[in-house]
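Sharing a structure below in structure tokens format, with a few things to ask.
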Amino acid sequence: MSENFVKLNDRVILAFEDGSNFIVQIQETSFGTHKGVVDLANLIGKPYGSKCESRNGNYFRIMRPRLVDEIFKMNRRTQIVYPKDIGYILLMLDVKEGDTVIDAGVGSGAMCAALARCVGPSGKVFAYEKREDFKTLAESNLSKWGLLQRVTIKLKDIADGFDEVVDAIFLDVPDLWNYVRNCYDALVGSGNLGIVCPTTNQVQMVLEELQKYSFIDLEVWESLFRQYKPVAERLRPFDRMVAHTAFMIFARKASEF
Amino acid sequence: MSENFVKLNDRVILAFEDGSNFIVQIQETSFGTHKGVVDLANLIGKPYGSKCESRNGNYFRIMRPRLVDEIFKMNRRTQIVYPKDIGYILLMLDVKEGDTVIDAGVGSGAMCAALARCVGPSGKVFAYEKREDFKTLAESNLSKWGLLQRVTIKLKDIADGFDEVVDAIFLDVPDLWNYVRNCYDALVGSGNLGIVCPTTNQVQMVLEELQKYSFIDLEVWESLFRQYKPVAERLRPFDRMVAHTAFMIFARKASEF
Amino acid sequence: MSENFVKLNDRVILAFEDGSNFIVQIQETSFGTHKGVVDLANLIGKPYGSKCESRNGNYFRIMRPRLVDEIFKMNRRTQIVYPKDIGYILLMLDVKEGDTVIDAGVGSGAMCAALARCVGPSGKVFAYEKREDFKTLAESNLSKWGLLQRVTIKLKDIADGFDEVVDAIFLDVPDLWNYVRNCYDALVGSGNLGIVCPTTNQVQMVLEELQKYSFIDLEVWESLFRQYKPVAERLRPFDRMVAHTAFMIFARKASEF
Amino acid sequence: MSENFVKLNDRVILAFEDGSNFIVQIQETSFGTHKGVVDLANLIGKPYGSKCESRNGNYFRIMRPRLVDEIFKMNRRTQIVYPKDIGYILLMLDVKEGDTVIDAGVGSGAMCAALARCVGPSGKVFAYEKREDFKTLAESNLSKWGLLQRVTIKLKDIADGFDEVVDAIFLDVPDLWNYVRNCYDALVGSGNLGIVCPTTNQVQMVLEELQKYSFIDLEVWESLFRQYKPVAERLRPFDRMVAHTAFMIFARKASEF
């Protein structure tokens, strides 16, 4: 069970009754919101879930940020992989404690964080990113979430190949088909490859490339998640939904002979 | 990186070229298939991913079973939670290493295994099941997958309440609404509740019950996963798909005052 | 083939290159837009599809409004039935020339127009509406579209029953379950009933009621339409879509004995 | 209102209580089923919807076949356009009484029948088919349904162009992109083009071709229809559904200048 009282340096959600919420780190400072100033030091020692008040009397709840909350709130400059897809990718790549995984490219670090959580303290994520600003951003995000020690982010073009041989690779770059060969080379036998891309043209090009190497269990998926209004007496879906994020392509490495 | 050669007692997939496959444990025995007998001891020392032959000359690949492979191949007597939903539930419940989690009821053990993987060696899953045959089945499945040491399965009716206070609860029983109160009591503040059920009537009844307690962040979701034929030059979805498994309901515990 | 030149009193779409468009009736007047004034009389005699110019030199195309264009552009004060559902309802109700149909309630008249088109000049739509303002609005819309002569709109509460016996009934009111009996009475043997409603609770109540009468072939449907960006080299769905409009319930009348 | 008693030569559905059903034409003959022989002549004069008995005492209902029933029961040798798509296509092509329409290729005649119903007795469908066996089959189906007099089926390769200029064209052949030009030439200004195809590759090639001509309002859609079990107290979708039939592409002809 998690230690259940707010401590110095904890990251917490301040969840106001109007639905607005903020993720902050508990420091000896105050935090200004449209609902009044919150004295963060005063929150230390409060139980999670409890109701507190800003200086001008607006109530909020102190909640623990989940990884999904962090992802939707984080600084980002890239399209992220959505939680609806992240969960399935983690399962299909079978990422578990002790595994080594490559994440290429790292972008804002959302998927990297999810992978780092799954490999546990005994595992390792090698993340590749060729843009220095994304590398810096991802490191900052991973550091906040306490996951950076499991991740090595390399400022390196994956066209030059990967430096490791790993259990699983997650590939999320625009010209994916150019790196399928390098992915094959960097996987252990039976290792799992996961690829995401937004267009059908990219899927076609990746499939063509995958067929050149000894991959098996090729699968292409997309997911649609529909949310319902949580009202017992008028249960119905919301009017609109996300129609598309990415196609997910999976394959497993077989040896060449 | 996983040790990459087949060892005694490993569970492996024998993947034949006709698409059929079998999960077996490597022993000093042979295993009969419609494609010929396989001498399992001969596989020891082979690299994963490599091509082998049955006694009558049919080729197969030796692959590592992923948890998703185990779930679809396991002995089961109950409706299982599908991988398409498992991944999202794990994220929404924010299950991570060191967490304690309740799984009620355990059924065949698929969701329990997924939870056990996420809590890691330092976490714990308390599983409740009132039918002895399901408890035995789940224990057998979890044992095969090397996850039983992280799980305690209790033969107990959850109407009598839970014995623990935990970070997250996963509830999957027919009359869910009767246990919402017990779930509230067994969660730490800010703890996560996840519920699955197949019918809209059940969702309505759960929502009514959730509103009686101090839960926040109520969300109701369903997922549709569509698979494509992995053919570059004729890329299109398969003709048919799973239309429905379960609605997923999520809520977070706030304190009562 | 339609007479293919613009005539006085035609309704036309002025489709500008920025994607904006307007439906107007050709009169001896001018029509002001953010792209300049259009002299409508000058359009008479132009072929449909041709490119014209507003007074300040902005190009537009003259197109024929389809019923779907009219529906999305019409004056309305009610939630409309969406084209994605209208087409399927017309098929399932098997509406065809010469049929008599009841439309209850008429709302803004979108579904009524679709029914009126299908019954042709030899058929008839009896529309029921208890709000005078909706009746006036629907009459105005149907009149514009040249369909009012096939429709009789009655200012009448359907709780008092229907005055006709018809081939098909389309029911779209909030408390649908109260009128299932009246629908049964107003259908010919083998006649088709179509019902739309937004919530699962309404579907449940309608189903309960339908089971009390001698209806067969009960079907409940919902439709999801997903649109793709029409770009050959980057073919992918749009980011967002309509997640829900209404459930569609269909049943056919069998005689009581 | 339809004449509501069974007459000689009517096509009727015999709907048995086990869910099986048959579409037959009323003649002075008998019709054998697994539920016993039905004397068809005895049904003449019965009201539609009424309950009858086979020679060995099994009950059935006499229902009018809807076009959707005919389509799912017809003799066919080709993939058909599904009702879920037909309804939307008819709306998007804005087919209405008096219109002239081209249907290329006709296949088994399902879409052709739907078009013929919509154009009414004053309209006309010109159907193109290059295989004689399909032409014969479609004529037989359309004749049964009383729609052949509105349709002219031509045994002709559409590579040679169309002989008419029409309000709308529906194109459903494998190599669609080769005929976009001919479609453009055969449409009136503002006329509607509808195309269906199963693969994303085909959509891409059609879009490339459409961009070469003066088409506007390009739209690409797909539909997912999900059916629910019609049970009030356990309302939920069926387990499986159709995942894919075809992509629908729509465009409208603008003039070239």
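Per-chain numbering from 1; labels A, B, C and D assigned in written order.
Definition applied: a residue touches a chain if its C-beta (ideal position, glycine included) is under 8 Å from a C-beta of that chain, and two chains touch if they have at least 3 such contacts.
Not measured: the values here are computed from a predicted model.
> Could you run down the chains that neighbour chain C and chain D together?
A, B
> Which pair, A-D or A-B, has more C-beta contacts?
If we tally the C-beta pairs in contact for A-D and A-B, the bigger total goes to A-B.
> When the C-alpha atoms of chain A and chain D are each averaged to a single point, how far apart are the two points in Å?
Centre-to-centre distance between chain A and chain D: 47 Å.
> Using mean CA coordinates as chain centres, what's the gap between chain B and chain D in Å?
Here chain B and chain D have centroids separated by 44 Å.
> Suppose each chain is reduced to the average of its Cα coordinates; what separation in Å results between chain A and chain B?
21
> Hunt down the residues of chain B that sit against at least two other chains at once, touch-wise.
Counting only residues that touch two or more other chains, chain B contributes 200-201, 203-204, 224, 226-227, 233, 235.
> Which of the residues in chain C end up touching chain B in this complex?
Against chain B, chain C makes touches at 200-201, 203-204.
> Using the touch definition up top, name the residues of chain B that touch chain A in the complex.
1-2, 4, 15, 47-51, 61-64, 66-68, 83-84, 86-92, 94, 96-100, 114, 117-118, 120-121, 164-167, 188-192, 200, 203-205, 207-208, 210-211, 214, 216-233, 235, 247, 249, 252-255, 257
> For chain C, which residues are in contact with chain A within the complex?
Within the complex, chain C touches chain A at residues 198-201, 224, 226-227, 233-244.
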